[in-house]
Amino acid sequence: MTVHFSVLIVVVPLLSSFLVFAFGLFQRRVCFPATVAALAACLVFSAGSFRTVLTTGRPVHYHLGGWAPPWGIEYVVDYLNGLVLTAIAIVSLLAAIYARTLVAREIPAAKHPPFYALFLLQVTGLFGMTVTGDMFNLYVLLEIASFSAYALIGMGEGAAPFAAFRYMIFGTLGACSYLLGVGYLYISTGSLNMADLRQILVPIYFSQALMVGLAFLLLGIAVKMAFFPVHLWLPDSYTLAPSCVSVLLAPLFTKVGAYVMIRVLFTVFDPSFSITLLPVTTVIGWVAVAGILFSSIMALAQGDLKRMLCYLIVTEGGYIGVGIGAGNRPGLTGSIFHLLNDMFMMGLLFMAVGAIQAHFRTRTISGLTGLHRSMPVTAAALVVGGLSVIGVPPLCGFFSKWYLILGAIEARQWFFAGALLLGSLLNAVLFFRIFERCYFEAPHDPAHRKREAGVKADRMAMGELIPMALMAVLVILLGLFSGYIVQHAIAHAIPPGV
Amino acid sequence: MNKLAALPATLVAGGFLFYSTAFFPSWGDPDQPAGRHVSPRYIEKTLAETGVPNAVTSVLADYRGYDTMFETSVIFTAGIAVMMLLRGSR
Amino acid sequence: MTKDLDNVVIKTVSRILVPFMQVFSLYVFAHGHGSPGGGFQGGCIMAASFILLGVAFNLREIGKRFRERNNALMCVLGVFIYTGTGCLAFLSSGNFLDYGTLSDLLPIDSIKARYYGMALIELGVQITVMAVMLSIFVDLVTAGRGEDAPEDTE
Amino acid sequence: MMEFIFGTFNYGIYVVLILIGFYGMMAKNNLMKKLIGMNIFQWSIILFYISIGSKKGGTVPVVDPSLHPAIRAVDYINPLPHVLMLTAIVVGVATTGIALALLILIYRTYGTLEEDEILEVLKK
């Protein structure tokens, strides 16, 4: 049965989204347990298929419909997407468990069945985009993930439908330019399979049609990855989305986009082409430098906690872009490891912010006074997440930034290294401002007295505390075992020829 | 983006696109890469392997049936998304 | 008075037209193998016949013939048939969606198994597309009020 | 020169359609017009894919042995882009469905579909 694991990762959440919707019409209580069961099954399947890759050392190939690759669709699980699959499974499972009380609070009871069905379809889209070996199949799953994201964001109140519509305009522009890029690849080669494309593309690297095709492909992926110049949709849509939705979308969707960029640049196109022959990665590096500086400063300027985290996501995308820009082994190790860490870090931070917004009833940074007294665990989670984003040693953020800076220096790109350090500094300023407000606020401050006398944050449900605590432990464990992860998994994940 | 930014962006994108169309294989010639590499097998083997004369249906439902499964899931997603967004929001 | 006169023409014509549309939709669906057609086109024509009914008479007519809950269940049924046939291949140890291996279970050779597997898939697509097109139309027109739409939405 | 024009004229048409759609999506103020621009943008890419698949002298890809004893690929047009574009059409329909649902919600909250009026309300 284990040979079918790689397709079960995608089929099980798909099937369970249908069943959750169907049975939800009759019995609303069945939705949450079925969702958690499906995501737990996905965790087993992704961990299982990743373990077979680790033990055998060779990628797992799965022919859908029994047809060989260029004619049929093929699933490939290798070191790179095995890692990403397992991370997605863990984060989405914890997000589902965490979001239960928020869903009960924010989403009207009649809408629970479609909500959980869209939740599962979003996870199906993310799994499918990661595991597929076919360019057009990736587009279809990109659309499934995007549609469920638009609908889930549109659930929020107030300006959420408007933010969702603007996100849809941007997202469709991105998805269509990705489709256009796949069309240019198809007209030049005649094939859609990634491994097949790699061989056929080599002789026609410098044909003009292919250059424009690659430009559109990268534009589409950059929109989905919220890369710097085309990230305008992200702050509004993730801030106005209900917090049970942004806990799922924020950590995962943009990181799968980053994974697709690494997959296209280094597996579909030969690394020697995208690094040396045509300096695509250097251009990405320079745009990422601008992105880091711009979005770090924008994050500083934000009063709203959630909007600040959204700009942090754009900064993290910039770090991954700098790693790709360095274009050497440590740089790519850093960007893959940062992609992995960021899923957990952002998941932790969005869980903390969701809890603060729901129980402490404040969204602005200034309103956080005395958080440690009424919500100690959330404050601790905020500290762990913040320190990890800054890059403080025992936590995972430090190690991925270490490799990124190592790669930038080895590639003699001083501005890349400078941007990384400056970004970390700006993050430090950002988060210490919050920690200071949470922990060290002087008692005589009026806001503090109001908070003390005023409403006491109500007890957080255990269902929210445990996933947040687990995520914080994972962030710490990722840091401690980073050497093991890099040596055994990421070292092999880097495509040959980098 | 307002009108000011949209027009230059369109012209730049248009320049790229027109430039690239000059290097496409000419329209309709039988031995362009797309007609040579993968699709001949679909046409020649569809009757032998799947018993379905209509090559489009055999590719749609069998060779690339997985795409069509997700296509149906896309239309299902749209259905429940509209159902969720509009119903009960009176 | 004149308002009523126009309706009579539209109502009688559409009352005659709807059954033929539905039979034609089944024809398009069934002949997907030999001629252009298949699940999507058949499903859309079937949904169009219900929509024509709703436009000519009023939306309550659709509700009378096709409960909203059944519509939602048919959305799920179609996609479930599709994914189910895919999982059938697991029983005979084939890859996902590999109908060729169904010949171990059924008394037919693998080519005929693929032929009938595709027909089953087209059935799933037909049901889902018909149900979803109809539910999107009704939701958009009544902006979510569905069955209890007031009388004025003719 | 004529051969060059006939060779790429319909790619030129798809480029014109893409530019119209892109401009409509980006510059138009009314959200419904943005949606129409988005549809034009999607449908022009479908035209592009379909024009890849065409073959001079090729017929509908329904294989019938009576046309020629040996089934040759050159007699029939390329079926693959048609399959891919069936998916793109369904994606286009789904996009329009969700976008219209969102527009109803926006109209219900703001009473207008003009982007600048909505932005003013948001600023307050």
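Points worth noting:
Each chain carries a letter (A, B, C and D) given by its place in the written order, and its residues are counted from 1.
Operating definition for what follows: a residue touches a chain if its C-beta (ideal position, glycine included) is under 8 Å from a C-beta of that chain, and two chains touch if they have at least 3 such contacts.
Every value quoted in this text rests on a predicted model; they were computed, and no experiment measured them.
When the C-beta contacts at A-D and at B-C are tallied, the pair with the greater total is B-C.
Comparing the centres of all chains, each the average of its CA atoms, the largest separation from chain D belongs to A. Distance from the chain A centre to the chain D centre is 29 Å, each centre being the mean of its Cα atoms. In terms of their C-alpha centroids, the spacing between chain C and chain D amounts to 24 Å. Separating the CA-averaged centres of chain B and chain D is a span of 9 Å.
Residues of chain C in contact with two or more other chains: 34-36, 72, 75-76, 79, 83, 86, 96-97, 136, 139-140, 143-144. Looking at chain D, residues 18, 22, 52, 62, 81, 84, 86-87, 90-91, 94-95, 97-98, 100-102, 104-105, 108 sit in touch with two or more other chains. In chain B, the residues touching two or more other chains are 17, 22, 24, 32, 34-35, 38-39, 42, 53-54, 56, 60, 62, 64-68, 70-71, 73-83, 85-89. In terms of which chains touch, the assembly is arranged so that all chains touch all other chains.
By the touch criterion given at the top, residues 3-4, 6-12, 15, 18-19, 22-23, 26-27, 51-58, 61-65, 71-74, 76, 78-84, 86-87, 90-91, 93-95, 97-98, 100-102, 104-105, 108 of chain D touch chain B in their complex. Residues of chain A touching chain C in their complex: 4, 7, 11, 14-15, 18-19, 21-22, 25, 62-66. If you check the complex, the residues on chain D that touch chain A are 18, 22, 25, 31, 34, 38, 41-42, 45, 48-49, 52, 81, 84, 87-88, 91, 94-95, 98-99, 101-103, 105-106, 109-110, 118, 122.
Note for the complex: chain D touches chain C at residues 60, 62, 86, 90, 97, 100-101, 104, 108.
Contact residues of chain A toward chain B in the complex are 14, 18, 21, 64-65, 67, 70-73, 108, 110-111, 114-115, 117-118, 121, 124, 128, 136-137, 140-141, 143-144, 147-148, 150-151, 154-155, 161, 184, 186-192, 200, 207-209, 211-213, 215.
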